[in-house]
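Multiple structures follow.
In what follows, chain A forms one complex with chain B and a second complex with chain C.
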Partner chain A sequence: MSASRSARAIWAILRKECRSEWRTRYGLNAALLFALTSLTAVSFAAGRLGDRSDLLAAFLWIVLLFASLASLSHTFVREVEGQTLPMLRRVASPTEIVAGKLLFNLLFLVVIELLTIPLFLLLMAAPAPQWGAFLGVLGLGSLALALASTLIGALIAQTRGRGALFAGVSFPLLLPVLAAAVNGTRAQWQNLPVASELRLLAAYGAALLAVSVLLVDHLWEE
Partner chain B sequence: MTPAAPQAAAAAAMRIECRGVGHRYSAGRGLDPVSFTLTGPGLAAVTGPNGSGKSTLLRILAGLLRPVAGDSVVSVSGREVPAPERRHVTGWLAPELQFYGEFTVRENLDFAAEARGLAHGREAVLNAARAVGLSERLGDRAAALSSGLRQRLRLAFAILGDPPVLLFDEPGSHLDEAARERLAAFIQERRTSARVLVATNDSREWSLADERITLGTRDLGDPS
Partner chain C sequence: MILRGILLLWIAAGIILAFTWAPLVPVLQETTRVLYFHIPSAWVTVLALGWSMVASVLYLYRRRLEYDDHAGTAAELGLLFCIGATVSGSLWAKAMWGSYWNWDPRETSIFFLLLVYVAYLALRGAIDEPRRRARLAAIYSVAAFVAVPFLMFVVPRLYDTLHPDPIINPRGKVDMDNRIRMVFTGMLLGFTGLFYWMLNLRVRVLRIERRREDQGRPMEVAGA
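Up next is the complex of A and B:
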């Protein structure tokens, strides 16, 4: 009963986030604009980077990170600034709220990736990825990215100066994700094994999930 | 007003108790320790000057705020409901309650009903909207509501699913006379099956109460 009630609450929050994003286009437009302009600008300035797998991997994750970060970091800030957090807390537990927003952030990342990656491969003339390894790195990297940004967003939502705080707190937490994701992406383009990067991303994601589970019930306690 | 689905059995075995409950936001701000016990259905008024902690007390009972002193009990059907689960048995109305401006009234209430896991969510939404006179406004965007209509939406949100405990903080604010009369009639009706606490300094609201909890002076919290 309790598990199904939680599942319904998480589903309701996910649908609410999707509907809100669809109505306001708060993050999607900005993310797509960033991805499109940065890819076009680099394409014009540097030409095709097909033989530079190291640059390709780094550039791909920079585009994904910065395109999505503005939205990912604001899922909780929007609730605080819109003063809707008390309403949300009246209908769901902190765990359900964070889970619903985590799923939305993951979905948002997937949408950004679906729109950005084909364009990236085309404009950068990137070699065909080894799809299994590429999608593995992309999936685990996105999961870790969504977990880290959701957790930080939840923690800093009610602090003063949260914008600056997000940048300061997220840098050390996101750096391992970026490093492993860039390494893994480069390795698959160089036909090298990516197992160690996948393990690192999975372990890091599991650690972030464990920390989230431990912390979320104490969020927003006054 | 639409008759609320009675939860008479739950209400009969209902108890709200505060044992030395106090809170401090900062020096001089908050709620001085208060103790009282309310049993069964009925209407209790929480009164006191501005800053005496009326809203804080209701937030504590709603499970939104952890007191720094004492403890509170909300017991329904003989079962003590821990603070994190009180959203399932309490309806809370307060001025700080805001809604998603980009959603309609119906979408806000539908979301609340769905997230709370109400069995007959659509029906509950229609009943709540009808009870507060918002049936004709279900398609309006929340951001476009006047302050009076927004207060009705807060009221609809609080009574959604007919919770056995209703915590109303300044429920009459922004309401016109007709809406106030509707609210008074609704409270009169619900006090027979639910425990209603109204934080107010409006004599039209507290004069109807069976019990009055006066805050503002240390140790004067017992019902009189």
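Up next is the complex of A and C:
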């Protein structure tokens, strides 16, 4: 009974996040603009890179990282700025809140990627990826990205500068994701196996999930 | 007081012996001497990070601000020693490998520690209220600790190390001369003592400051 109640609470938070995001589309617009800006910068600076899969992999993840860092902390900052967090905490447990926000961030990343990646492949004249391996790396990488940025976002929202510190403070946690994801993306373009990168991303995601579960009750004080 | 004097003499003696008494390793020549400063600094960097993590976990479970003093101070000192280790290592790399920075696995790991320290201290600097600062910094500390083993594992596969193990080995493992070992161990102990002394000093200052603040507050209220 309590499990289904939790699931309902998480689902409700996810829907609420989607609705309040859709109302202003502030985060979405910021992220898309950021993606477009960094994509243009990369494209202008490097030109078409069809035969340089190592650079393609690196640029792809830099564009995705920039786009997501622009707004992944937004879910928590919005609550603090609107002073709605105390109300939210009355109706849901910390675990439910974080789980709901995590799902929203994941969904958010998927939307960003759906719009950014085709444009990237087109502009950079990238060769066709091996879809299975490519999507696997992308999916697990996004999961780890969402996990790390949800946890750090909850911390950052309670600091003085709020958004300003987010990129710098979350970067140490994102570095392993970035390294493994770039490696995997490059490997699939070179027709090499990506199994070890997938394992690494999955293990890191699991470790982040475990640490989030352990720490979630300390995120907010009574 | 006496212990402080002993520590001072101990490290001074270590420095003198490092430059005059200890022999040079053939491959490394004059750069051997960085060994007595670089590795102890790197050791204290790791020790300080570990101590900061332990104090953070203790804070989350016991909620006593003394633990946060330890966590924050250990991180500040860790950053100091980390910069020392990075700069001395980079100079040594220039002399031996011909470039200051090459993302060698060792360089990568120390750079990552530097990044964690800076981010942790930046986070602390952005929160005014002591209990909130203690709690959020502790959470970050534990989360960052999870990233460490993964980075150590994934990065060496991104970049080839500049030199294979046998070149690095002579300075630590295989051919360690007895005199080198004595000075090296002495400096390791000396640096550890230095860290302990500085940590203790800073933690005591913080405790006194907090006590004064606690005593000062009722008076201010009465005055207002």
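Criterion: the second predicted complex is superposed on the first by the 211 of 222 C-alpha atoms of A that agree within 3 Å, B and C clash if a C-alpha of one lies under 4 Å from a C-alpha of the other, contacts with A are read in each partner's own complex, and residues count from 1 in each chain.
By our rule, contacts are C-beta pairs under 8 Å (C-beta built on N, C-alpha and C of every residue); 3 or more make two chains touch, one makes a residue touch a chain.
The model shown is predicted, which means the values in this text are computed figures rather than measured ones.
A.B. asks: Just from the overlay, do chain B and chain C fit on chain A, or is there a clash?
C.D. replies: Here the two partners, once superposed via chain A, fit next to each other without clashing.
A.B. asks: In the overlay, answer first, second, both or neither for which of chain B and chain C A:Ala206 touches.
C.D. replies: A:Ala206 contacts neither chain B nor chain C.
A.B. asks: Once chain A of both complexes is superposed, is A:Arg89 in touch with chain B (first), chain C (second), both, or neither?
C.D. replies: In the superposed model, A:Arg89 contacts chain B only, not chain C.
A.B. asks: For A:Leu33 in the superposed arrangement: first (chain B), second (chain C), both or neither?
C.D. replies: Neither partner.
A.B. asks: Just chain B (first), just chain C (second), both, or neither: which does A:Gly168 touch?
C.D. replies: The answer is second: A:Gly168 touches chain C but not chain B.
A.B. asks: One more residue to check, A:Ile13. First (chain B), second (chain C), both or neither?
C.D. replies: Once the two structures are laid over each other on A, A:Ile13 reaches chain B alone.
A.B. asks: Kindly classify A:Arg23 by the partners it touches after superposition: chain B alone (first), chain C alone (second), both, or neither?
C.D. replies: Once the two structures are laid over each other on A, A:Arg23 reaches chain B alone.
A.B. asks: Using the superposed model, give me the angle at chain A's CA centre between the CA centres of chain B and chain C, as a multiple of 10 °.
C.D. replies: Rounded to the nearest ten degrees, it is 90.
A.B. asks: After superposition on the shared chain, which partner residues are touched by A:Ala46: those of chain B (first), chain C (second), both, or neither?
C.D. replies: neither
A.B. asks: Looking at A:Arg5, would you say it contacts chain B, chain C, both, or neither? Reply first, second, both or neither.
C.D. replies: In the superposed model, A:Arg5 contacts chain B only, not chain C.
A.B. asks: In whole Å, what is the nearest CA distance you get between chain B and chain C after the fit?
C.D. replies: 6 Å.
A.B. asks: What is the shared patch of chain A, the residues that chain B and chain C both contact?
C.D. replies: Common to the two interfaces on chain A: residues 221.
A.B. asks: Contact residues on chain C for chain A in the complex?
C.D. replies: Within the complex, chain C contacts chain A at residues 60, 112, 115-116, 118-119, 122-123, 126-128, 131-132, 135-136, 138-140, 142-144, 146-147, 150-151, 153-155, 157-158.
A.B. asks: Along chain B, where are the residues that touch chain A in the complex?
C.D. replies: Residues in contact with chain A: 62, 64-66, 84, 87, 92, 94, 96-103, 107, 111-112, 114-117, 157.
A.B. asks: So in the complex, which bits of chain A are touching chain C?
C.D. replies: 148, 151-152, 155-156, 158-161, 165, 168-169, 171-173, 175-176, 179-180, 182-183, 200, 203-204, 207-208, 211-212, 214-215, 218-219, 221
A.B. asks: Can you tell me which positions in chain A touch chain B when the two form their complex?
C.D. replies: 4-5, 8-9, 11-13, 15-16, 19-20, 23-24, 82-84, 86-87, 89-93, 96, 217, 221-222
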